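Presented below are the structures under discussion, each in the form of C-alpha cells.
There are two complexes below, and they share chain A, which is joined by chain B in the first and by chain C in the second.
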Partner chain A sequence: MNWGIIAENLGLYVQGAKLTLLLAFASLAISFCLAVPLAFLRNSRIAALRYAVLGYTLVFRGTPLLVQLFLIYFGLAQFELVRESVIWPWLSSPLVCVLIAFVLNSTAYSTEIFAGGLRHIPIGEIEAARAFGMSAFAQARRILIPAMLTRSLPLYGNEMIMMLHATSLASTVTLLETTGVARMITLNYYIQFEPYVTAAAIYLAMTFVLVSAFQLVQWRWAGYLENRIG
Partner chain B sequence: MKTSLKSLCAAMILAATFGAARAADKIDIATDATFPPFESIDSNGKLIGYDVELMEAVCAAAKLDCNIFNAAWDGMIPGLIDGKYDALISQLTVTEKRRQVIAFSDIYDHPIFRFVAKKGSSFEFTPEGLKGKTIAVQTGTPMDAYVTSHIPGAVIKRYDTGSAPYLELTAGRADLHMSYQAQIIHSFLKSEAGKDYELVGPEYTGKDAKEFGEGVAIAINKKNTKLVEEVNKGLAIIRENGQLKALNAKYFGE
Partner chain C sequence: MTGVVAEFATTILAAGATTLLLGLASLLLATVLGLAAAFAKLSRSRALRHTAALYTFIVRGIPDLVVMLLVYYSVPALLNQAIDALGWDMRIEFSPIAAGIAALGLIFGAYMTETFKTALQNIPKGQIEAAVAYGLTRRRMFTRIILPHLVRLALPGFTNNWLVLAKATALVSLIGLQDVMFRAKGAAEATGMPFTFYLIAAGFYLSVTILSLAALTLIARRFEMGLRELAP
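Now for the complex of A and B:
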C-alpha cells in the first residue's frame, strides 16, 4: 500500500471534488428548470408537442451519455462550419461541451420522471383546483407542479445520484474531476487501488450528503403522501 | 420454475468463470493499440505494427508461446506490476522512475521526439516562448513528463490515448502536440487530416532531457528474471540474423 502518494496529491483531489460538485450541480440545476415545462409539454393535448418532446427524450435516453459527449466534443469540432461560427469559442471549451451533454441527458430523464409524476396526480386534486376557479396558470403553480414534484421525489433522487456519478465521464475530455485525478495518479505513479479507492470514498461521501438532504426534503414536502401507505 | 431459475443462474456463473479464464501457460503481452505505426488495430480487428511484429519475431526466436493483445494505456504498467500481464510492448521508454517498479529488456530502439503544429505557425521553443500555448500530450508518457517539468507556463491538455491529441490539434483546441516523430509522421502527417500540419521545433532524444529516457524496450514483471533473459536472447537473435534491420527498413526505410 502506498498512501503517501495520495497524501501528497490531496490538493489535486480537493480541486477534482470541487469540479465534480460544480458539474453535478450546474447540470442538475439547469436540467431541472428545463424539465418542469417539458414535462407539461410531454402531456400536452397537442399531439405534435407531445411527440416532439417524446422524440427528444427517446434520443437522449436511448444513447449512452459517453457517446453523446464524444459527439458534442469531438464530433462537432470536425465540421469547418462549426469551427468558424460564433459559437466556437464556447464549443472549444471542454467545460461547456460537458455541461451541454450532461444537461441534455439529464433533462431527458428528468422530463420523463416529472411527466410520469404529472400523469399520476389523482384526478380529484385537479378537479378541486378547477372547482376553486383557479386559472390554468394558478393550477399549475399551486397544485400541479408541487404535486408532480413531490410524487417524483424518490425517482428524481435516483436521477441526481446517477448524474453525480456520471460526471466522471468528464475526465475523458481532459477535465480533471475526481475520477480524472485518480486516473492521472495511476498513470504517473503506477498504482491503481489507492487512487480509485480515494475517488470512490469521495463519491460515497457526496452521495451520502445528497441522500440525507433528500430525505429531509422528502420528509418536509412529501410527508403528506406517506400516510397513504399501510 | 424455481429450480430452473436456480440451474440457469448456476450455468451462467459456471460459464462466466470458465469463459474468463485465460490460457494458462501462454505469455500474456499487452500493447496500447492507439499508436501507429508501432501498434494499432487494422480494419479486420487484427493487431499490427512495428512493435507487434518485433514481439512476434522475438517470441519465435526465443521459442516462447506468446499471446499479444490490446489493453488500455492507463492500466498497463499497474497490470504488469500486479502480474495481470507478463510483459508489455508499447514503445515504452526506459526511465529511472519506471525501472524502480518494472524490469526492462535490452533497448531495441532510440526514438526521436518532436512537436507538431499547423503549417506556417511559428513558435519559440523555450519555456518563455511556449508560455500560454496549449500543448496536447498522452498522459503518463515521456512527452507528458517533459512538457510538465520543462514548460510549466504552457497549458497542458492530457489524453488517455495516442490518437485523441490529433483530433484536438485539427479542431484548433491545441496549438502543439508532442509525440514520437515516427508516430506523428505515420499516423497523422501522411493522412488527409494532417496535410496542413508539419513537424516543428528541435529533435529531442534521451540526451536532451532525462524524461525522454534511455530508449524503448520491452517491459517485464520485475520478479520474472527468467523471462527477461529469454526476451533478451530473442532480441539478440533477431538483431544477429537481420530480422530487426529488415523490420526497421520496412517501417522507417532506414
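Now for the complex of A and C:
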C-alpha cells in the first residue's frame, strides 16, 4: 500500500475539493436564478412559450452531460465565426466551458422540478391570493414562489447531489478538481488504488454533509407539508 | 465532404448496438441487485438490513465516473497486489465492457433498491392477507400477487432510472469502450468537425430517451389495466 503518496499530496486534494465545491455551487446558484422564471414560462398560458421551454428541457435532460460538455468545449471551435469573435478567449477556457455546460444542464432539470412544484400548489392558495387583491407580481413573490420551492425541496436536494457528482466530469477537460487530482496522481506515481479511493471518500463526505444539511433545511422550511392526513 | 460525414456518422451509429448492449446488460444487473437489496432492506435480519443500507449509502455518495474508475483501475490493482503477496504468477485485468456493466449495474442497483423498496412498501396489505388466506405458497404469492403490483408501482421510478442509466453509458467511453461517444470522439479528431459528430451522438441519446419514454408509457398502461379511476 502507498498511502504515503496520498499523504504527501494531500494539499492537491484540498485544492481539488475546493474546485469541486466551487463548480457545484456556482453552477447551482446560476441555474437556480434561471430556473425560477423558466418554471413560470413552462406553465405559461401561451403555448409557444410552454413548448419552447419544454424543447429546451427535453434536449438537455435527454442527452448525456458528457456530450453537452464536449459539444461546448471541443465542438464550438469548429466554427470560424466563434473562433474570431471577442468571446473566444472565454470559450477556449475549460473552466468557462464547464460552467456553461453545468449551468445549461442543471437549469433544465431544476426548471422541470420547479414547474412540477408549481403545478401542485393547491388551487385554494392561489384563489385566496386573488381574493386578497394581490397583483400578479405580489402573488408570485409571496405565494407561488415560496410554495413552489418548499414543494420542490426533496427533488431539488437530489438535483444538488447530482450536480455535486457531475462536477467529476470536469476532469475530462483537464480541470484538476477532486477526480482530476486523483487521475493525475495515478499517472504520476503508477498507483491505481489509493488515489481513486481517496477521491471517493472525499465525495462521500461531501454528499453526507450536503444530505444532512438538506434534511435540516427541509425540516425547517417544508415541515408544514408533512404529517398531513390524506 | 458530406460523404465523409455520412461515413463517420454510420460508424458512430453502428456503435449504438454496443451502447444498447451495455445499457441493457447493466439494467439487468441493476434490477437483480436492486430487488435483492430491497428485500434485504425490508428483511427481519439486522445484518442484511445494515449491509444493504451501507451499499446504497456508499454507491449513491460517489460520482458515477469515480465508481467506474474504481471498478476498472482500483479493483484489479488491489487484486493484483493480493496475488503478488501470495506469490502467484498471474495478472487480473478487466475489459472495458465488463467493468462498464459491473460499474453501471452496481450504481443503478442502488437507485433501483430505493425504487423497489418504496414499491414493496406501497403494496396494499389486504392483497397479501388475501393471498395468505387463500393458502398460496410463498413462491406463488410472489409471482401472482407481489410481482404484478411491484411492476406497476415501481415502473415510474424504473423508467427514470433507465433514462439516467442510458445516458450514463456515455461515461464508459472514458475507459475505452468503443461505444457511440468513443466513435464520435474519434470522428471529431479525425475530421476536425467536433460539433457535427458530437451532435450526432447527442441525437442518438435523445432518440433512445424519447423511444424509451414512449415504450414505457405503453407498458405502464398495460399494468394499470386493473386499476379503477375516477371519471374526469
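Rule of thumb we're sticking to: the second predicted complex is superposed on the first by the 228 of 230 C-alpha atoms of A that agree within 3 Å, B and C clash if a C-alpha of one lies under 4 Å from a C-alpha of the other, contacts with A are read in each partner's own complex, and residues count from 1 in each chain.
Definition applied: contacts are C-beta pairs under 8 Å (C-beta built on N, C-alpha and C of every residue); 3 or more make two chains touch, one makes a residue touch a chain.
Keep in mind the model is a prediction, meaning the values are calculated, not measured.
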Once chain A of both complexes is superposed, is A:191 in touch with chain B (first), chain C (second), both, or neither? both
Output check: A:43 vs chain B and chain C. Expected answer is one of first, second, both, neither. What do you get? neither
In this superposed model, does chain C or chain B come into contact with more residues of chain A? C
Have a look at where A:92 lands relative to chain B and chain C in the superposition and call it first, second, both or neither. first
In the superposed arrangement, does A:83 touch chain B (first), chain C (second), both or neither? first
Does chain B (first) or chain C (second) touch A:59, or do both, or does neither? second
On the A-aligned overlay, A:218 touches which partner chain: chain B = first, chain C = second, or both, or neither? neither
Could you tell me if A:74 is touching chain B, chain C, both of them or neither one (first, second, both, neither)? both
May I ask you to decide whether A:172 touches chain B, chain C, both, or neither, giving the answer as first, second, both or neither? both
Starting from the residues of chain A touching chain B, keep only those that also touch chain C in the other complex, and list them. 74, 77-78, 172, 183, 186, 191-192
Of all residues in chain B, which touch chain A in the complex? 73-75, 77-78, 81-82, 98, 101-102, 139-140, 157-160, 164, 167, 170-173
Which of the residues in chain A end up touching chain C in this complex? 1, 58-59, 61-68, 70-71, 74-79, 161, 164-169, 171-172, 179, 182-183, 186, 191-193, 196-197, 199-200, 203-204, 207-208
What residues of chain A sit close enough to touch chain B in their complex? 74, 77-78, 83, 92, 172, 174, 183-184, 186-188, 190-192
Within the complex, chain A is touched by chain C residues 58, 60-67, 69-70, 73-74, 76-78, 81, 163, 167-171, 173-174, 181, 184-185, 188, 192-196, 198-199, 201-202, 205-206, 209-210
